[in-house]
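What follows is a short report on a single structure.
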Amino acid sequence: MGLNKMNRTADILADKIVSGFSMEGTDWIPEGATEPAVVEETAEAELAPDETLKEQIFSMFRHNKLALVSAIIILLFIIATIFAPFLAPHDPNVQDMYNRASNPCEGHILGTDSLGRDVFSRMLYGGRVSLLVGLLPTTISMILGTALGLIAGYIGGKIDNIIMRIADVLMAFPSLLLAMLVSYTLGKGMLTIFIALSFVGWAGTARMVRSEVLSLREKEYVEAATSIGVKRSTIMIRHILPNCLSTLVVLFTMNVPGNILTESSLSFLGIGAQPPSTSWGLLVFEMKKFLTQAPIPTLAPGIAILILVVAFNFLGDALRDQLDPSLKD
Amino acid sequence: MSSSDTIFQIKGLKTQFFTSKGIVPAVDGVDVTVKKGEAVGLVGESGCGKSMTAMSVMQLLKYPGRVVEGEILLDGEDLLKKTKREMDDIRGNKVSMIFQEPMTSLNPVYTIGNQVSEAILTHEKNVSKEEAKQRAIDIFRKVGIPEPEKRYSVFPHQLSGGLRQRVMIGMAMVCNPQLMIADEPTTALDVTIEAQILYLMNQLQKEQGTAIVMITHNLGVVAESCDYVYVMYAGKIMEEAPVRELFKHPMHPYTYGLMNSIPKMTESKEHLYTIKGLVPNLLHLPQGCRFCPRCDKAMKICTMYQPDLYETEDGHKVRCFLYNKEVMNSGK
Amino acid sequence: MGKYITKRILISIPLMIAVVLVVFLMLQVLPGNPVSVMMGEKANPAVIERVTEQMGLNDPVLVRFGRYLIDALHGDLGISYKLNRPIATLIGEAFPNTVKLAITAALVAWIIGIPAGVISAIKKDTLLDRFLMGFSLVGISLPVFWAAMLMQFIFSAQLGLLPISGYTTWKHMIMPAFVLGWASSGTIARLTRSSLLGIMKNDYIRTARAKGIKESLVVVRHGLKNAMIPVVTMMAMQFASLLSGAVMTETVFGIGGIGVLMVSAVNTRDMPLLQGSVIFSTMIIILGNLVADILYSFLDPKIREQ
């Protein structure tokens, strides 16, 4: 649906607007005040002890309860799926033909699916797929995007042009469509989704990193490093990459929910996870026919998706506000 | 002073910002008097509260800033007692303001003509759009915008900084205000343009009888355009005097320092005089005189008590113990 | 401005060709002869060979690509393997349904999104702001297929108010439009809010206040008019995205649009149909972004008056 990509574009647009404006006052000088010297002084004083990324994130969790709750929820999901074998009340593959597509009953807190399997247990296992797809392809695509963005931005010229034109083409596709194309070529299944999301999603990251590099390249310390003959690759890794880090953290948190949603959509269409393995999207797909008969086991996996995605989005918002102050409202 | 020709008066104004780190007294008991058609300068370094004084007058202070005490009298009426609606009628009509940044002070999506006639249409309900347009063109001509008819339908980004500031002045003058506050109107402009803009403002002041409060950090601007000067430091008025008096005879060590830190063509000193230290943090003000930590004439009493404004013979008022006879006679 | 628009158009043409090429290559690298897929297992190998030759499938890839491109420009996207009908016709039948859904969903998104964003910005940091932004965030986090089923369960199965699926009457469009509209409104609301908040920090807002304009008019006349520039651009892009086919919504509600066409092409392994419909979809998105760019240049006087 491209909604998440759209949302990212919205954020970039917002970024553009906000960063175009004059410097906002520090905490006591109202907008009306036009006393730049003091603004700068105070701003400097506040930034003076350079906060590390870790410290900034910790301070965010201290002040932003919503972010903390979101992080805890994500952590709980991760723990629950890792320890699924211990937490699951039933074997997720054991069928109970006399108790098919039933609403919650004794022994099955979320009911059973079309083959009489315990939905809660299947959700614990299925969550592994959703989380893995959320985290792994996002990581791969962001490493790829960071590398290509660094190269494009720092080397420039023809290579920059080629990389960015490829990125343009990839960005023209909604991720769901591209995944469908890949699945046609490579066949249905999780591997397809991994490949599609890993090798397609880098374009946005590359674009972001490239623009970051272009602005960092002009900074004094990079110029200084260049002037004393430090190698290009060293400059990129030592000087430029660390400065992109906070942007990357924000971007990562914002990309994860998009990929989780894409995976669940594809699985719901029957293109993603294939039985007997499972995922939340597939669980809903398999129970589609039983919506009226057994709404709880049918809809429960969707609630899990929603909660996880909302948690990631809240965390992403909080991180953006904390790490990218130019976006702060 | 408060004779019948006084048009505008600030009495004991205190404006504070209620921040999480404490209360910041940005303006701390400021008195200013402006006579009809007079140009008054308010001079000080960045952060001394001069802009905050202006924003308090306009009542455009932003959260967490608030006027906590004082009176702001325009033609005898206290603006601080006006309702929001009444203030809307006064702003841009009886009191107008121009700002430091001509490049960003005009709305990019409206033509300059539209923005000036908007001021007229806001305050004068019985004026037609056509009349407003005509008046906008007239004021453009008056503020020296070439080809005013053509420029009426031009967007801000198509004009230079100097022309935009002329538009701002036109917008401020179009309703014939009794008072115009100019907050660093020339700081962002080239020196040659600066002189033109100051000349224009003085001309309008004389023609229309508008009183002007000129806020600036630049003593040159004050010398060129004002009749009377207030020197402000850390939220307080440090010295006030007619402009010639002040330049001839600066009394407060701060004023003295300010003047000596301007390079002069006639002297060839090795080093330019600088006032040592920094503007104090308004959250942690010294107990005594606010300028004391930077003052090279500081006495023991200065670290303990805050001086009042002392009147001297030649029309100065100075907030410094050096001019308090009792203190000086008692031998520190 | 003419220059700007020309430049934009010139940039999109190679992009469109590249997109078609990518789709084409991705579907052509498949091993196996599409003719045998089309004719089934039992077909005579000699016949398959002859048909393959006739269809020009033995030519080099780039020759075939050129031929496809030229045909496509003439409105010929080939024939569906499984349905045996021209793909252009199939798309022509499906598209109106997608358009219907896109328009209703966009209306819902705008009617919810813009006021929510404006109110949030004005009431920044209040409970109302938090609520509206929470609602928007849930909107963009929504698994659309799940929300669609939830609504089906509540409004059709339980309450019996609305038809569960189909697309013949306006009543059918209510649930799909709302689900899709809610999901899209989140983006609009968030952008409107941050855009307006950013604009309200500008010096010219202070100028407007100093002019004595009422605060409500300051927001509407001087704030919103500027703040809407990126929002309108986003609305255009989003509308294009909706027009390119709402795969999930169409699937759940059984609306025979472009999205359903693509899904069925994947499921029945109908290569030309998938190729045609995906290319059609992406073209709409690229054109939509182009329109958004042009719209932007109309709204921003800095570009318009060049």
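Letters A, B and C mark the chains as written, and numbering starts fresh at 1 in each.
Heads up, the rule we're going with is that a residue touches a chain if its C-beta (ideal position, glycine included) is under 8 Å from a C-beta of that chain, and two chains touch if they have at least 3 such contacts.
Owing to the predicted nature of the structure, the values given are computational and were not obtained by experimental measurement.
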| item | value |
| --- | --- |
| Pair exhibiting more inter-chain C-beta contacts, A-C or B-C | A-C |
| Identifier of the chain whose CA centre is least distant from the whole-structure CA centre | A |
| Computed distance of Cα centres, subunit B from subunit A, in Å | 51 |
| Rounded Å distance between subunit A and subunit C, as computed from the means of their C-alpha atoms | 21 |
| Distance from the mean Cα position of subunit C to that of subunit B, given in whole angstrom | 54 |
| Per-residue overlap in subunit B, given as positions that touch at least 2 other chains | 60, 99, 101, 104 |
| Residues of subunit C engaged with two or more neighbouring chains | 202-203, 206 |
| For subunit A, residues contacting two or more additional chains | 22, 31-32 |
| Touching residues on subunit B, where the partner in the complex is subunit C | 58, 60, 84-85, 87-93, 96-97, 99, 101, 104-110, 118-119, 122-123, 155, 157-158, 168, 171 |
| Subunit A - residues contacting subunit C, complex | 1-4, 6-7, 9-10, 13-14, 16-18, 20-22, 24, 31-32, 165, 168-169, 172-174, 176-177, 180-185, 257, 261, 264-265, 268-271, 281, 284, 288, 291-292, 295, 298-299, 301-303, 305-306, 309-310, 312-314, 317, 327, 329 |
| Residues of subunit C touching subunit B in the complex | 202-204, 206-215, 221-222, 225-226, 229, 299-302, 305 |
| Subunit A-touching residues of subunit C, taken from the complex the two chains share | 15, 18-19, 22-23, 26-27, 29-30, 124, 137-138, 140-147, 149-150, 152-153, 157, 183-184, 186-187, 190-191, 193-195, 197-199, 201-203, 206, 227, 230, 233-234, 237-238, 241, 244, 246-248, 251, 262-263, 266-267, 269, 271, 274, 278, 281-282, 285-286, 289 |
